[in-house]
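Below is one structure. I have some questions about it.
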Amino acid sequence: MKTMSYTEALREALAAEMKRDDCVILLGEDIGRYGGAFGVTRSLLDRFGPQRVINTPISELSFVGAAVGAAMMGMRPVVEIMFMDFITLAMDPIVNMAAKLRYVFGDQARCPLVIRTVAGGGRCYGPTHSQSLEAWFVHTPGLKVVAPSTPADAQGLLISAIRDDNPVIFIEHKMLYNTKGPVPVPACRPVPFGRARRISRGSHITIVSWSWMACQTEIAAAMLREEGIEADAMDMRTLSPLDIEAVVESVKLTGRLLIVQEACRTGGVAAEIAARVFEAAHDYLNAPIRRVAGPDVPLSASPVLENAAMPDAERIVAAAMELVNFR
Amino acid sequence: MKTMSYTEALREALAAEMKRDDCVILLGEDIGRYGGAFGVTRSLLDRFGPQRVINTPISELSFVGAAVGAAMMGMRPVVEIMFMDFITLAMDPIVNMAAKLRYVFGDQARCPLVIRTVAGGGRCYGPTHSQSLEAWFVHTPGLKVVAPSTPADAQGLLISAIRDDNPVIFIEHKMLYNTKGPVPVPACRPVPFGRARRISRGSHITIVSWSWMACQTEIAAAMLREEGIEADAMDMRTLSPLDIEAVVESVKLTGRLLIVQEACRTGGVAAEIAARVFEAAHDYLNAPIRRVAGPDVPLSASPVLENAAMPDAERIVAAAMELVNFR
Amino acid sequence: MKKANRATLIGYYRTMVVIRRFEEAVEQLFARGVIRGTTHPSSGQEAVAVGSCAALGKNDYITSTHRGHGHFIARGADPRRIMAELFGKSSGYSHGRGGSQIMADFRLGFLGSNGITGSGLAIATGAGLAMKLQGRRSVVLCFFGDGAASQGTFHESLNMASLWKLPVIYLCENNLYAMSSPVAETVSVPHIAQRAEAYGMKGVIVDGNDVLAVRDAVAQSCFRARNGNGPELIECKTYRLSGHSRGDPRIYRTREEEALWHQRDPILRFRTWLIDNGFLDKAEAKKIESGAARIVASAVRFARTSSDPDPDAMCRGLFA
Amino acid sequence: MKKANRATLIGYYRTMVVIRRFEEAVEQLFARGVIRGTTHPSSGQEAVAVGSCAALGKNDYITSTHRGHGHFIARGADPRRIMAELFGKSSGYSHGRGGSQIMADFRLGFLGSNGITGSGLAIATGAGLAMKLQGRRSVVLCFFGDGAASQGTFHESLNMASLWKLPVIYLCENNLYAMSSPVAETVSVPHIAQRAEAYGMKGVIVDGNDVLAVRDAVAQSCFRARNGNGPELIECKTYRLSGHSRGDPRIYRTREEEALWHQRDPILRFRTWLIDNGFLDKAEAKKIESGAARIVASAVRFARTSSDPDPDAMCRGLFA
């Protein structure tokens, strides 16, 4: 194990996969010398050259479309969308092309495409640079959706994403880039999709989250422990596929479920998890399923407002306490 | 009351509002002489001229963006996106501009914009002409989302949408255009947003749906009645705002909830409804909440496959029976 | 027109006639309600499809549009499997999942027709990028319409392709209408090919109803692209003789205009030229025509007798 | 340069200096961690902002970009409320909801700066459409960058505006870089103004560091647009003297290049010209400069002492 940052872990994964497979190329705005807005691709241009690390014009729609075309021809493009908010410009090739290719064209077609992008608030970047839009992609059959919260998972899941023959929406978080954690050495190792990671074990309440909220959940679990509450906390890690079995199993033991999402409440992934758990474990629930989520408004640039909007460990603790004390 | 088709009802609403308010303009592809792909705007070019009925180039991103700009300047644009699948190209101005304008710019800003579009399957138009994407917009704060199922609601809700000072995603359905029903005469009357319409009264089960699925639910309710099951069936009509109170109230009486959506199951609006009802009426539910929904794959062009994928009255009946017989 | 091998010329003619018969049959089948869904016939545009595909090599690639049957047949696809796709059968190119607008055969280098106007432009650009990165000498031929030329992706794609000198031929089939919209109402300059300059790219205007002119223009562009000179934009002026899609009343254009273009029918024109130049006589022509009819009839039979896809397998094959 | 009223010229100078001081103060406040989030300073581009706004009338409109402080100040916005917005205070133009990139004042005809590169192009087009439909003689000035010129909406917007003869001036501030990307790597022709032709539109290239040249070019385009001649595309060649955004190490360009452009600093240039032509003496210039510093200092004070927005009101005001 080696301690490194989320950014470094991602960069190592990119470098390792580029070394391993010539078909892996990077495409995106300012990913060359600049290294991308958050520095993830820094140094890769020098190491792999401009044929592999391709700076694009500001043309999200078409460089994503082109990546789909390149993927169809055997390349393995890893595209960076600088902020997830800008993925709004590239929904067509993602949804109408990448997600449907294999299903419609059958065995002849593959679309090994990774779209890396940055979601979430916390940096006061304002309403068009802070959105968490994972729910749209979870609602799009044919895509895989990944949202790691630790350096190790960022690295392992990015490796899996690059090796996957299907389009993957790979969601990073601006608050995570500088976080550090242990990462397996020497070799980069893939982390499989569809398996939640247990943050803490407990029998009083199940808490489920992903991305930056998984870090908040980890803090919350520690705070709850001090209150004598043992939370069975899980980081979903991938949202498509979704490890609903792990959640259901846990809920069967705890009887209580809290789901934490940063995205605005209405229509988020938490609703889907709630619906599925209720379908599968109706009998076991001793309390309503609760969601801690962002409010149904845009995220503001003002630190005070952003802070008030974003779920955090304290809000998770408060909701968990309420739920544990339910009836 | 006068009997007319969904298409005619929409057209009458457009014509009435255009007559009432010079600021109302129509924008879209082939909406002029051709009258739009489904004929909704037929005759309006002749009646209102090319200054009011504006044929656009195939530029979804920018004619929607332009409509936002025109709305900011006091016009009331009603944009037609020929198929909802193409709204993928216009997500940026809708999500990053229209939905956020008022919140960010405050009282000075208004965005009275209606985006009419056509969702759903049933016509064998294939994977890129059949999607039901309402969930994306329900998950976007700042938008209203409307999905009428009857000619009267289509008319009344379109009037409300046009008069609303906020952006409205107005979702029509290709299977509904030729359906007929009574519409109030002589005057076009607005139907308020946020109030579900009761399809049938009953105490055995609550069934909730919208758009084309509301028609299937109506048929299902009649079939269930023959089996002695009285369904409390509701057409949500608007998804944002969502009349969750009506659903909760009904569930408190019936103890059973079935939600019917045409969109693919995972991450759809049905999940949000399920989550909210469970949050609010946990104690009253005597069975798991069930969702009848499209499968998590693209909709095929083949009649056999499309038919197998789309929820219909029979599947609704089957699910309702199961739910009523639960435990 | 340049000198050419007789068999090759006859081959072009045969393919053009097959496409026309195919589209006519499809229109009838839709009109009679045998096929459901929708379709976009390419009658009148056969010279573009056949001429441009004639200029390609086996290892080249194509991206097509919603109006893709002609492109696909010209590239060598099996009309039976196209027809079966229209019938929604499991023997169709997309096993009934795609329908008229969405078919592909990667072994033929046919990367797919497409339901989203303009979306092939970026796909072709990406395929061109792959060719360049892989050091291959293949070119990518990107069909798109005059309507698609107004999509933002036209601009983004051509800009990137020019910057990166990709081997892509952007071939605009300007059939004067995008659905009901005359090109003058959707394109702010007289010729779409003019726009090539805005990308530092060569733009070429061709008579799209002259199969040999199309072939030669595409061949020249391919030659340059294959040799690293980057992308080009070719505008083929043509006309769709049929309606835009099933059930189009064609109120947006006059019968006189249509009659004019029927006189310029690329098939009749080529037929006359072949006969005038001694490559074909009327009896042979008739034989080719009835041969085409047989091919199409057999395609319909194949489609009709093929089995429906299995609904139970509907959820399979979403992922590789 | 044309003859001009002294007070007017001095006014331009004053505004340019205010913008520069404002941006410098903002950069410092970010560097010191007083302000959070991000910002895009417009130092070096003041001649474009001030020159073009000088050509507009009271009833004209503007759409801006992520780099909008200069445009906004040039249009007459209150620097105090801009600064307060950067501080995330309730007295800011967007009450702390927008931040550096998203502010508007509709009474000033300032329709908003914008966080999405290129998105103002369509907004301006729609505003122009509204002007035309409402029979007003207003024009809309649309600022965008060389990077934004690669977005599809550039193409779609200019095409529509040209077709519909909308009174929109598309003004490209070509500051040679889109973030870290030199314009030659993102735009496939030497001049973005060349692309005007592809839309049947007039394209103009201007020295964007010459405030009077910018003013005159914009005035002429406005005159034509106002009289129904449709949109025009103006490319102002300029340079951003600061980093792209907060904390930009500027590794993508050389210090020599920067030094060159510092010599062409539009403020120094205009100052020299004003003095050389007897419109200004050094003492007056100093006075203006210290006046600007005072304005900015007062803006900072205002921002600092303003109150935070009320988090309890966070969910209000989503709908009209």
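Order of writing sets the labels: A, B, C and D. Residues in every chain begin at 1.
Just so we're on the same page, a residue touches a chain if its C-beta (ideal position, glycine included) is under 8 Å from a C-beta of that chain, and two chains touch if they have at least 3 such contacts.
Being a predicted model, the structure only gives us computed values, none of them experimental.
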{"item": "Touching groups left behind when chain A is ignored (all other chains fixed)", "value": "one piece"}
{"item": "Label of the chain whose CA centroid is most distant from the centroid of chain A", "value": "C"}
{"item": "Geometric centre distance via CA averages, chain D-chain A, whole Å", "value": "36"}
{"item": "Between chain C and chain D, centroid-to-centroid distance (C-alpha), Å", "value": "46"}
{"item": "Distance from the mean Cα position of chain C to that of chain A, given in whole angstrom", "value": "41"}
{"item": "Junction residues of chain B, two or more chains touched", "value": "56-57, 59, 61-62, 85-86, 89, 92, 96, 103-104, 127-128, 141-142, 295-298"}
{"item": "Where chain D touches two or more other chains, by residue", "value": "94, 97-98, 102, 114-116, 150-153, 156, 159, 163, 185-187, 318"}
{"item": "Category of the chain touch graph - line, ring, star, complete, other", "value": "complete"}
{"item": "Touching residues (chain side chain D, partner chain C) in the complex", "value": "150-156, 158-159, 162-163, 185-189, 194-195, 197-201"}
{"item": "Partner chain C, residues of chain B touching it in the complex", "value": "29-30, 32-34, 37, 55-62, 85-86, 89, 123-129, 295-298, 300-305, 307-309"}
{"item": "Footprint of chain A on chain C - complex, ascending", "value": "61, 63, 94-95, 97-98, 102, 104-107, 111-112, 114-116, 119, 121-131, 133-134, 152-153, 156-157, 159-160, 163-164, 317-320"}
{"item": "Chain B - residues contacting chain D, complex", "value": "25, 51, 54, 56-57, 59, 61-75, 77, 92-93, 96-97, 102-112, 141-142, 144, 165-166"}
{"item": "Residues on chain A engaged by chain B in the complex (per definition of touch)", "value": "61, 85-86, 88-89, 91-92, 94-96, 99-100, 103-104, 127-128, 131, 133, 135-136, 138-139, 141-142, 240, 242, 263-264, 266-272, 274-276, 278-279, 282, 285, 287-291, 295-298"}
